[in-house]
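First chain A sits with chain B, and in the next complex the same chain sits with chain C.
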Partner chain A sequence: MAEINRDDVAHLARLAHIDMNDDELDRMAGELAVIVDSIKTVSEVAGDDIPATSHPIPLSNVFREDVVGETLSNEEALLGAPDNADGRFKVPAILDGE
Partner chain B sequence: MADLIHLTADALAQKLASKEVSAVEATQAYLDRIDAVDGAINAFLHVNTDEALLVAAEVDKARTDGDTLHPLAGVPIAVKDLIVTKGQPTTAGSRILEGWQSPYDATVVRKLRAAKMPILGKTNLDEFAMGSSTEHSAYGPTRNPWDLDRIPGGSGGGSAAAVAAFEAPLALGTDTGGSIRQPGAVTGTVGVKPTYGGVSRYGAIAMASSLDQIGPVSRTVLDSALLHEVIGGHDPHDSTSLTDPVGALVEAARMGQVEGMRIGVIKELQGEGYQAGVLTRFHESLELLRSAGAEIVEVSCPNFRYALGAYYLIMPSEASSNLAKYDGVRFGLRVVPEGTPTIERVMGATRAAGFGDEVKRRIILGTYALSAGYYDAYYGSAQKVRTLIQRDFAAAFEQADVLISPTAPTTAFKLGEKLDDPLAMYLNDVATIPANMAGVPGLSLPGGLADEDGLPVGIQLLAPARQDARLYRVGAVLESLLEETWGGPLLAKAPEIAGGK
Partner chain C sequence: MTAVTDEVLTFDEAMEKYDPVLGFEVHVELNTKTKMFSSAPNAFGDVPNTNVTPVDLGLPGVLPVVNGVAVESAIKIGLALNCRIAEKCYFARKNYFYPDTPKNFQTSQFEDPIAYDGSIDIELADGTVFTIEIERAHMEEDAGKLTHMGGSTGRIQGAEFSLVDYNRAGVPLIEIVTKPIVGAGSRAPELAKAYVAAIREIVKNLGVSDARMERGNVRCDANVSLKPKGQEKFGTRTETKNVNSLRAVEHAVRYEIQRHAAVLDSGTPILQETRHWHEDTRSTTSGRPKSDADDYRYFPEPDLVPVVTNEAWIEKLRAELPEPPAERRKRLQADWGYSDAEFRDVVNAGVMSSIEDTIAAGVSAAVARKWWMGEISRRAKLADVEPAELGVTPELIVELNALIESGKINDKLSRDVLDGVLAGEGTPAEVVEKRGLAVVSDDGPLLEAIDGALAAQPDVADKIRGGKVQAVGAIVGGVMKATRGQADAARVRELILQRLGVEG
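And then the complex of A and B:
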C-alpha cells in the first residue's frame, strides 16, 4: 500500500479546501504517515469473499407519506448565514475574472 | 441545597412528584453548583439559566394545578454541544460555529422539552466530537472532577464531568467510537450507547453517519434507563431510525437479574496495553457477577484487533464528507482573504481558520482514504473488516447473553500527555470501537478505583442489537453489588472540587 508524503498532503488539502502553510504541511505529513502506516494492515485482512458492510443495521425502502411537513421559513434558513441579500445566501465570485 | 444535587435523577423525580421539592428549587440548586464549580471544571460552554428556570416554574405550576406530568418533569439535564437547540448557541466545540444558533431543535431535545425537563446548558466536547480527552475543544479542555490535572475523557468529557461534579443529574452524549462510554469510565459515571438507530440522530451534528449514536449519561444505571426511555423510539426525521418500540428499560434496571445468565469475557479486550489496576477491578466485577449466579464464559473475537485500524479509515472518510458543509456560505464563520477573492479561496481560508488540528487531520485522512485509486484498498477494506467484526459478535452472542470488558485500557491520563501523539490518543478507544462498528449497544459503569492512582475504572457491558434492556438488567445488579462493597456510590469518594469561583 502507498505511503503518504508532503506533496500528497498538499494535494489533499487543496481537494478538501483547507489552506495550509509549509509548517502545517510538514507536520501533517509526518503525523499522517504514522497513522497510515498503522492502519494499512486493514487492507490485508479480508479476502474477496467477504462482503462489505456500509451500515450496521441495514434498513431498506425508508419512505414517508408525501405530505408537506414542518419547514424552515426563508428568514430562519438565512439566520445563520454569514451574508445574505434578497432572501438568498450571498457569496463572493464563483469564477475568477480572467 | 447541597443535598438536592446529590440525589439520583430517580430520587429527585420522586421528591418532585410528592411536592417535597419544587422544580425551581432543584434547577436553582444545580445552577448554583455550576456557578460554584464550573470555573474549575469547564464542563459547560453555555448555561441556559433563564429558560431552565422558566421551564421549572411551568412544571411547578402544572403540578399545583394537578396536571399529568412526565415522571422526569422538572429533573434538569445538560446537553452535549453537538446536539442542536433552539434559543441556545450550538458550537460543536469548534470556532467555525462560534455564535451560531440552530433554527430547529434536535428530536431528542424536542422530547426533553415535551417531558418538561429543564435544560441547564450545553456541554463541552472535542471539536466535532473528534477526540478522547476534550482537549481538542476550541474553548479549552474540560477537567476531570477526580483530579483537575487529568482529562475527563472524550469526546463527551463535558457531559460526563458535569454529571460527576454534580452540576447536572443527567446529560445527553453522542458516541461514535466511545465518546459516551470512555468519559463515563474515567469520571466514575454511567454512559450508554444505545443500539444504532434506537435513538433519533436528527439534530445531532454528524461526524461519521454509520457510527454516530446519541445516548444517556448519568450517575446510576437506573437513571440512564429513565433517560433512555425519554429519548428512544422511532423518528421519521432520521432514515436510520429503527421502528422498534424503545422497550422496558426502566423495568429491566429496577428488576436487575443475572442468575443463570451467561456473561462472556472478551479474550481480546484485556491483557497487553491494559493498566494493572484496571484489570484487577475488572476481575473483581467478574467474581461479583459469578457470586450472583451468572455463568462467566470466555469468548474470542479475533477480528477485534483490526477494529481500531478499520475505524480510523471509516470514521475520517465519513467525517470528511459530513464536514464539507462548513464552507462559509450557509452558516458559521466566513473568512475573506485580501483582494477580490473567489468563493474557493474563501472556503480555503474559512476552513483553515475555523477547524482545529485534529479535525484537519481527520478530513485529510478521510479525503485520502476516499480518493481514486485508494478507495478499495482503504474504505472498501475497512467495510469488509466491519463484516468480520459483526460475525465475531454474532458468534460470541451464541455463547453468551451479554459480553463484558474494561471500558478503557487505562484510567484518566494527564492533560497534555497524549496531545502530540494522535496514535496514542486513538488507542483509548480500542475497547469501545467494536460496538460502533457492529451497531450493538454498550454500557459503561464504574468498577471502582485503580490501586496505583486512585482513579475510576470503567466496566463495559455489550448486548446484541435491539437487546439494550440486557445492559440495564446486568448493569443494575453489578452496580448494586459494587456499591455494597464500597458502602455507597463511587462518586462519594471523589474529592471536593477546589479552585471553583
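And then the complex of A and C:
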C-alpha cells in the first residue's frame, strides 16, 4: 500500500509553489510511493531497541568560535541570481496567486 | 489591501462582557559577532548582501556550524527567565517557501527547545505583580529583509516585485513563547507592554542583545483572544505581527480586544488569522488566515548535531548572570530611601545607574538625586541627549557638592560652575576662582545691598517690622538680584531680620 497518494503530492506541490498538471501529479505520486516503500525496509531492520536518529555519527556540541570569517562580495553573492537590482535579489511579486 | 474599517467596541464595553487571554512570541536578536550558523558578520545597516557567506545564501553543498556563543546566550536567557535547560536538544528545519529565506527552510528548534517551563514576575506601574509563565525559549535564525517595490504603498499588496537583502538572514534569534496569560482583565494592554519591556531589559542586562526595538532587535507577535466572562474555554485567537515598539504592543492588544468584542457581539466567529499592526492608524488589518499552508513539515536538521548540556556548564553560566533588573531596582530603592514615585521618576529618566555611581563616589542619595533629576536632566532635555551622555562624572558632582556644603558657592552658583567645567575651564575650584563665583560672605557688601533693597520696598520693610516675617522673601530676592546670586540666601535673611530688629 503506497504511503503517498495523489492528494499528498498536490498538497506538497502547493506548499512548494510548484505548478503541476494532472499527469505530473499521477506520475510523481507513483514515483514517491516507490521511494517511500523502499525506505520503509529500514524500519524492518531497526527494532524497537534502536532509537530514531537524525545523524549517523554520535557527535554533540560541535560549535564554532564567534569570530568573523570571509564573506562574499555583493557581486559574488548575486552571481547566481536570475535577476537583481540595487545590489539585491529581485524576486517576483510574492502575493501573486494567493 | 482591505480598506474596510473594522467595528470596535469601547475598551470598557469589551471589558464588561469578556476576559482577554494573551500570549506573546518575542524574538530577540543576539549581538554575537557572527551569525547563528555561519561566520558572516552580524551587523546592522551595511551594504546589502555583503554580510553573507554561501551558508547564508543556502548554496548547494554548504554545511552550517553552530555559534557556541549564541548557544551560551540562549542558555543565559533561559536561566534569566527561570526556565529549565534541556539536557539534550536538536535543531529542526521549518520548511516554507518564501524569498526571505534562500534555503526554503528556517533552521529552528521544534520539539526540543533549549529552555522551557520558566516564569517571570511583571510589575505594573502601580506595583501590581503578574506572573507570566514561559512555555519555551528556542534558538533559530533571522530571515532576510524584503523590500516590496512598484506598489503605491510600499506594502506587499500591489507590489510588482520585491528586493531581498540577506545580510540579516542567519542572525541568531531566540524566540521566547509564553503560555496563555489569563486573568489580566483590563490591565491586559498595560501588562503586554510591561512584559515586552521586561524581556527587553533582561536581554539587555544580560548583554546578549543590543535590545534596540527600533532596529528590530526585539520584536513582538501578540496573540489575543476573548472569552465571555465566566467561560473557561478560550476563544479563537489572532496573532498581530509587526508590533515593534512598547507603545505599539499596548495599543495593538487594546485594539484587538476591542475589535474581537465587536465581532463576537455581532454573533460572528473570530477568524483565526494573522493581523498586521499599523502604527499610523493604530489599528490592525487582516493578514493571512491560518490554512494548510502553515504546514511546516518540521524535521530534524541532518547537518547539525545535538546540543548537550551538563550541570557544570549551566552552573558556570548561571554564576555569570548579572543581578536581575527587578531585584536590583528593589535593592537600590531600599538603600536610597526614595519614595515609589521618586524612584519611578529616576528609572524613567534613565539615571538610576548614574545615581548609583554618584553615591558610590561619596555623596548622599538625596544629593545624587537632586543633581541627576534636576540640573543634569534639565540640560539633557535641552540638548536632546541622555543625561549620562552630558559628560558629568560622579567625581564632578562630589566636588560641586563639597563646594556647596563648605558655603563657598550656593546652588545657583553651582550651575555656573558646572557650565565652566563642561566648557573645559578646569576643575570646579578653578572655575570658581576664574569666574569669581564665590558666595559673598563679607557682610559689608551684603548690608549695603540689604539697605538698598529695604529702601526700594519700604512697604515690605514695614510689614516685616510689624511682625510679618514671611514677607522677608521679597527683600531676600532683591538682595540676591543685586548680588547676582552670589550671596548666601540664609545669611541674607538673618541679616535683614537683624537690621529690622525682628526675631526670625
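The rule we apply is simple: the second predicted complex is superposed on the first by the 70 of 98 C-alpha atoms of A that agree within 3 Å, B and C clash if a C-alpha of one lies under 4 Å from a C-alpha of the other, contacts with A are read in each partner's own complex, and residues count from 1 in each chain.
Following the convention adopted for this analysis, contacts are C-beta pairs under 8 Å (C-beta built on N, C-alpha and C of every residue); 3 or more make two chains touch, one makes a residue touch a chain.
Note that the structure is predicted; figures quoted are calculated from it, not measured.
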Which superposed partner A:Ile35 touches (first chain B, second chain C, both, neither): first
Partner chain in contact with A:Asp66 - chain B first, chain C second, else both or neither: second
Comparing the two partners chain B and chain C, which touches a greater set of residues in chain A: B
Which superposed partner A:Ile94 touches (first chain B, second chain C, both, neither): both
Touched partner set for A:Ser43, first chain B, second chain C, both or neither: first
Touching partner for A:Ile4 - first (chain B), second (chain C), both, neither: first
Partner chain(s) touched by A:Met20 [first = chain B, second = chain C, both, neither]: first
First (chain B), second (chain C), both or neither touched by A:Asn74: second
Touched partner set for A:Asp86, first chain B, second chain C, both or neither: second
Intersection of chain A interface sets (partners chain B, chain C): 14-17, 54-55, 57, 59, 62, 64, 72, 77, 80, 89, 91-95
Chain A-facing residues of chain C, complex: 32-34, 38-41, 47-54, 57, 59, 65-71, 88, 90, 95-99, 102, 104, 146-148, 150, 156-157, 159-166, 288, 292-293, 295, 297, 299-302, 304-308
Parts of chain A lying in touch with chain C, wherever the complex brings them together: 11, 14-17, 54-55, 57, 59-74, 77-78, 80, 85-95, 98
Of all residues in chain A, those that touch chain B in their complex: 1-2, 4, 8-9, 12-20, 24, 28, 31-32, 34-36, 38-43, 45-46, 50-57, 59, 62, 64, 72, 76-77, 79-83, 89, 91-97
Residue numbers on chain B that touch chain A, as the complex places them: 100-104, 195-197, 210-211, 236, 239-240, 242, 303, 306, 308-310, 312-313, 320, 327-334, 336, 340-344, 346-349, 351-352, 355, 360-361, 363-365, 367-368, 371, 374, 377-378, 380-388, 390, 422-423, 426, 436-440, 465
